[in-house]
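Labels run A, B and C following the written order; every chain starts at residue 1.
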Amino acid sequence: MQGILTYTLRRLLWAPLILLAVTFIAFSITRYGPGDPISVISGQFRDPEAFERVRAEKGLDKPVVQQYGIYLKNVFLEGDLGESISIYRGVPVWEIIWPRLLVSVQMGLIALIIAFALGIPVGIYAALRQGTWVDPFSISTFLLFQSIPALVAVPFLVLIFALKLDWLPVGGWDGPTVELAGQKIALGILSKSIVIPALALSLPAVAGIARLTRATTLAVLGEDYVRAARAKGLSEFTVVSRHVARNALLPLVTVIGLSLVTLLEGAFFTETILGIPGIGRLAFQAVTSRDYDVILALVLMLGVAFILANILIDIAYTFIDPRIRYERREAT
Amino acid sequence: MAQAATDTIEEMEARPSPSPLRLALRRLLRKKLAVAAILAIVIFYGAGIFAPLVAPYSYRQQNLDRDLEGPSLDHALGTDRLGRDMLSRVIWSARTTVIVTAATVLTGGIVLSVGLGLLSGYLGGKMDTLIMRVGDVFFALPGLPMLILINATMRPRVVEAARWVEDHTGIEGIVSSGAPDYFLIFGALSLFAWVGGARVIRSQVLALRETEYVQAARAMGAGAWRIVISHLLPNVSNIVIVGVSASLGAIAGSEIALTWFGVGIQPPTPSFGALIFDASNPRVINAHPHLLLVPGVAVGVLIFAFNLLGDALNDVLTPRAR
Amino acid sequence: MNRLVLGILGVVAALVIAIGAVFILIIARDGDEEEGAEPQRTEEAEEPRQAGELRLSGADPITLDPALATDAASAAYIVEIFGGLVTLDRDLNLVPDLAAEIPTRENGGVVDNPDGTVTYTFHLRPDALFHDRRPVIADDVKYSLERAVDPRTGSVVAETYLRDIEGARDMARGRADEISGIEVVDDLTLSITIDSPNAVFLYKLTYPTAFVVDQRQVESNPRNWTRKPYGTGPYKMKEWRLGQRITLEANEDYHLGAPQVKTVRFLLAGGSILTMYENDDIDVAGVSVDDIERILDPSDPLNLEYVSGDELAIDYIGLNVNVPPFDDPKVRQAFAHAIDREKIAEVILKGVIPVADGLVPAGVPGYQGPSHALEFDPEKARQLLAESTYEGPENMPTITLAESGGGATVGPTSEAIIEMWRENLGVEVEMQQAEAATFFSDIDQGRYQMFHLGWIMDYPDPENVVDLLFYSTSRQNNSRYSNPEVDALLEQARGELDQQRRFELYSQAEQIIIDDTPWIPLFFSRSHDLVKPYVKGYIFPPIVIPRLRYASVEQ
């Protein structure tokens, strides 16, 4: 336990540094790359002097490192994430992000729940039926879903369920709305809008979860206490649910955090094709219109989430394989 | 995983029976799904590599009089909205996928992740921390937005460099062959792809490091390099093989996604991403579903084959719990 | 075992805390609007239409500040909420808005001064009010125009549209605190002096940069006033939910007559517009090229509700005349003759987009351009190429066509055109897809040999195309075309006060330019829309002008 704590602490101490590196890289790429929000909003208006003036007004003419320093000061000392320029001019960044974050979280949560609800039983079942045709077949079916890229799956689902069968809406994010801090958030999670994104996001993940469950279940099945339980004459069901499941599922917990974050980031295509106002689509919008502050805020958010998820996973590895030591070793 | 390591070491010790690799291959070929998958991949890659010979039309040949047709004798898979033959476009796009997957795997998939994983795991200490933290940074960056920006920033310079080479060496058609795009894509993908694999290999190495076998080798005075090459490398090779075949699917998928967004392969270089993009309007595919289904099935089959193969290899190379 | 359990608990706890923290942060944030509002439940998409209400689909505006707006989406709302001294009516005629009448030389409103400047005197209507019922006075107009060019406001367009005014440029550069050319004579009288006679100056005042904003509101709430701005226009802002909807309500005190439609709701999100229209969620819908075939079919019930009109926009390929091979006019002409635009319009554009037969889009009132654009003639094209300095396709340098886009391919039109060049001329042109963010500045720097672009007119006058885009030193002249003969005609037209004569001069200039081919005009634009039968008077003007007040809704 001691080792784990110190390890966690050490990793956490690195986190701010990593965050700094991440934001600096993102910052530099945006600033050094061609295009900036002012020229984006100007479109065909070509007035170089006016541009320079507005850029100076926004502080975009200062050296990149200085701009970065100012940005850090604003964010960490004043909690000011800046304002949008090319998406909604003058609107604070957080105000643009949080409603979309809630939408993406709704999709991510449902997808996560479905993926686990399907993946775990399938994995356990496959493990129990190891050696028969059921084992590879069940996993392979879900592997098929994982193999179809979202780009193809989403239009395909729309074609079948929305256009041909007319059961589902073609896109958008409907649902009963809830008023939060002055903005109305649609709870698409309670409407038909959730179906296609939930399917598109969850089904590919099932395969991975099923495989992992199968592997850990298999490992557990070989353990002595399981054999003992069987020898005692307990029903298969009891054996599975009481002894196998509990131990087989532990490693999966580590996957939850990462899955949620991956889903949030990976819903890009689903959101774009379906016209869902989530942060995946926002990120794309921000990048193509070079809305610097929005881009940085998203990088910051996702960066924090990923770093934390990372640490959790590495910690979890120690439980899966106790022989991995994270204490310092001298190089030989 | 740890069990795999011990087992294979013991297996190696127990020679001179047929090498574990050959054993594994035999077991692999017994799995029907794996064979089917290998077949699919071979067909796909074959079509891609021999595209000029196999494709009935060129990728860009238009015929505005015969647009949006379904399958027919002339056009086995129909035509798109500019009258281009879908079958040919699929074959040419397969070629792009072949090039990108091969290139990316060789650099990011193998060289970078294996190299850094080994280094990190074996050396430990500051080197380990450095590599892993750098990996954290790449891991924490949101891939797609960064790739869009990187592409926007780097592409003009890469194209310029390519033209410079064209002008100064007299080699024609570097830019039009799509080489700068390939370079950018697989470079960018490698940058982000190495982290996962390196971590897995590193943890494997960490486990192996403590085995008596390695300790003994060290005690006998074997140099670090020797230990890495002859003891560690063979034992992680299983993981590498599995990892590579699994990531091939992901890489193909990433290239398609990036191209779809406009930051990958640029027209007129063929790509599945372009084909799928042409078919992303729901009303268009409602009227002409083959526009989506043709590339969709082709891509789906390929990635599925990669994944099946990866799964089968995993089974075969990683002995089960007894 | 215990370690495991503890570890798992720890992990789960961390996750729960993280997610919970995010939620708390979100809810606790920013309570300056409705603090702790009751969570209400309303069905948004299902709201039935009330009487006197119009529901439309809208695009997300970037800003509602008239001084900052550069895009059509923002402008569409701004022209309804705000107003300026003059405006355009439904037939694109210049009519008074806040001014009581249009100043002309005949009524003494326009005076040519001995030093070459021209002074316009505007008398404001006494009954013009802001949405908070405060009367509009001349000071407000001066404040608004000065605010627009003030560098602290950060507008990229203000100077372009207001620079004719004396002193505007100085203020824009921070050299002055006010625009010297604008003088407040009394509460209802204002004079604006421009630096030289300009036939289109009044048109420039119809553009949002010249609109009047409420000084007290702007100064008391500089960050958020645009969320619920007080303008002088026919509609007031009732509610703006970012990314979701905008609701406007009629300004009963509007000085040009209160609008008949009392509430206008714009749905900003929601997926397919056509589906929304079919579901009766909106009353007017734009039709895209993909759906147009279905609508044009007379057996489809929607066909009866289909409306189409001219749009003052042109789609073209620009050629950089300073860069080989397009520095040779024969090459340019050859490329122009090699495109079968009719075929593209028929096959790809489903016959609903008109081929451009000139540079100035059809629909500018009173203007009859030359109908002599270069036709499709592959023989002639090859001949011209043979006569050029390259003597044929083999000696041509690498040519790239640049286009901006956000997806995997350049549009089908460009692909078809490139194929046509290959087939008809034997020249292989490469495609280059550029990001929107950098495209325009790259064109500006002359980086491309040829580029595919569009131009939407700002006001209905040929000057907006022929002069603005082809005068040799104009900033917007992206093909770098320079022809002294054309320049002379344009300068003459600028000072010409007789409209008829002006148009003739532009027509002549246009013909010369077409023959020189710095541009290959491709297509003009048309709008295609569906309108519910109970909506009357809903017009589709060719450019962005206030139009909601002409509409009415039955039942």
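As a convention for this text, a contact is a pair of C-beta atoms (placed from the backbone, for glycine too) under 8 Å apart; a residue touches a chain by one contact, two chains touch by 3 or more.
Everything numeric in this text was worked out from a predicted model, so none of it was measured.
Student: Tell me the shape of the graph of touching chains, choosing from line, ring, star, complete and other.
Tutor: Its topology is that of a complete graph.
Student: Consider the two chain pairs B-C and A-C; indicate the one with the greater count of contacting C-beta pairs.
Tutor: Top pair by contacting C-beta pairs is A-C.
Student: If you average the C-alpha positions per chain, which one ends up nearest the average over all of them?
Tutor: The most central chain, going by mean C-alpha position, is A.
Student: Using mean CA coordinates as chain centres, what's the subunit A-subunit B distance in Å?
Tutor: Centre-to-centre distance between subunit A and subunit B: 22 Å.
Student: Please report how many Å separate the Cα centroid of subunit A from that of subunit C, as a whole number.
Tutor: 38
Student: Measure off the straight-line distance from the CA centroid of subunit B to the CA centroid of subunit C, and report it in whole Å.
Tutor: Computed from C-alpha means, the inter-chain centre distance equals 45 Å.
Student: Show the residues in subunit A shared as contacts by 2 or more other chains, in ascending order.
Tutor: Expected reply: 34-35, 170-171, 288.
Student: By the touch rule stated above, which residues of subunit B touch at least two different other chains?
Tutor: Where subunit B meets two or more other chains at a single residue, that happens at 152, 260-261, 273, 276, 282-283.
Student: What parts of subunit C, by residue number, touch at least two of the other chains?
Tutor: 272, 406, 435, 437-438, in rising order.
Student: For subunit A, which residues are in contact with subunit C within the complex?
Tutor: Contacts found on subunit A: 1, 4, 34-36, 38-51, 53-54, 57-58, 86-91, 94-96, 98-102, 169-174, 176-184, 186, 250, 253-254, 256-257, 274-275, 277, 288-290, 305, 308, 312, 315-316, 319.
Student: Show which residues of subunit C lie in contact with subunit B when the two form their complex.
Tutor: 272, 274, 290-291, 343-344, 347-348, 398, 405-410, 412, 415-416, 419, 430-433, 435, 437-438
Student: Over in the complex, which subunit B residues touch subunit A? Could you list them?
Tutor: The contact residues of subunit B facing subunit A are 1-2, 31, 33, 122-125, 127, 133, 136-137, 139-146, 148-150, 152-153, 156, 203, 206-207, 209-210, 218, 224, 249, 253, 256-257, 260-261, 273, 276, 279-280, 282-283, 285-286, 289, 292-293, 295-296, 299-300, 303-304, 306-308, 311, 320-322.
Student: Give every residue of subunit B touching subunit C within the complex, in rising order.
Tutor: Listed in rising order, the residues of subunit B that touch subunit C are 60, 62, 64, 67, 81-82, 152, 175-176, 259-262, 264, 266-268, 271, 273-274, 276-278, 281-284.
Student: Which of the residues in subunit C end up touching subunit A in this complex?
Tutor: Touch list, subunit C to subunit A: 3-4, 6-8, 11-12, 14-15, 18, 22, 26-27, 29-34, 37-45, 60, 62-63, 65, 68, 70-71, 151-152, 154-160, 172-174, 223, 226, 241-244, 269-272, 275, 406, 435-438, 440-442, 444, 455, 475-476, 478.
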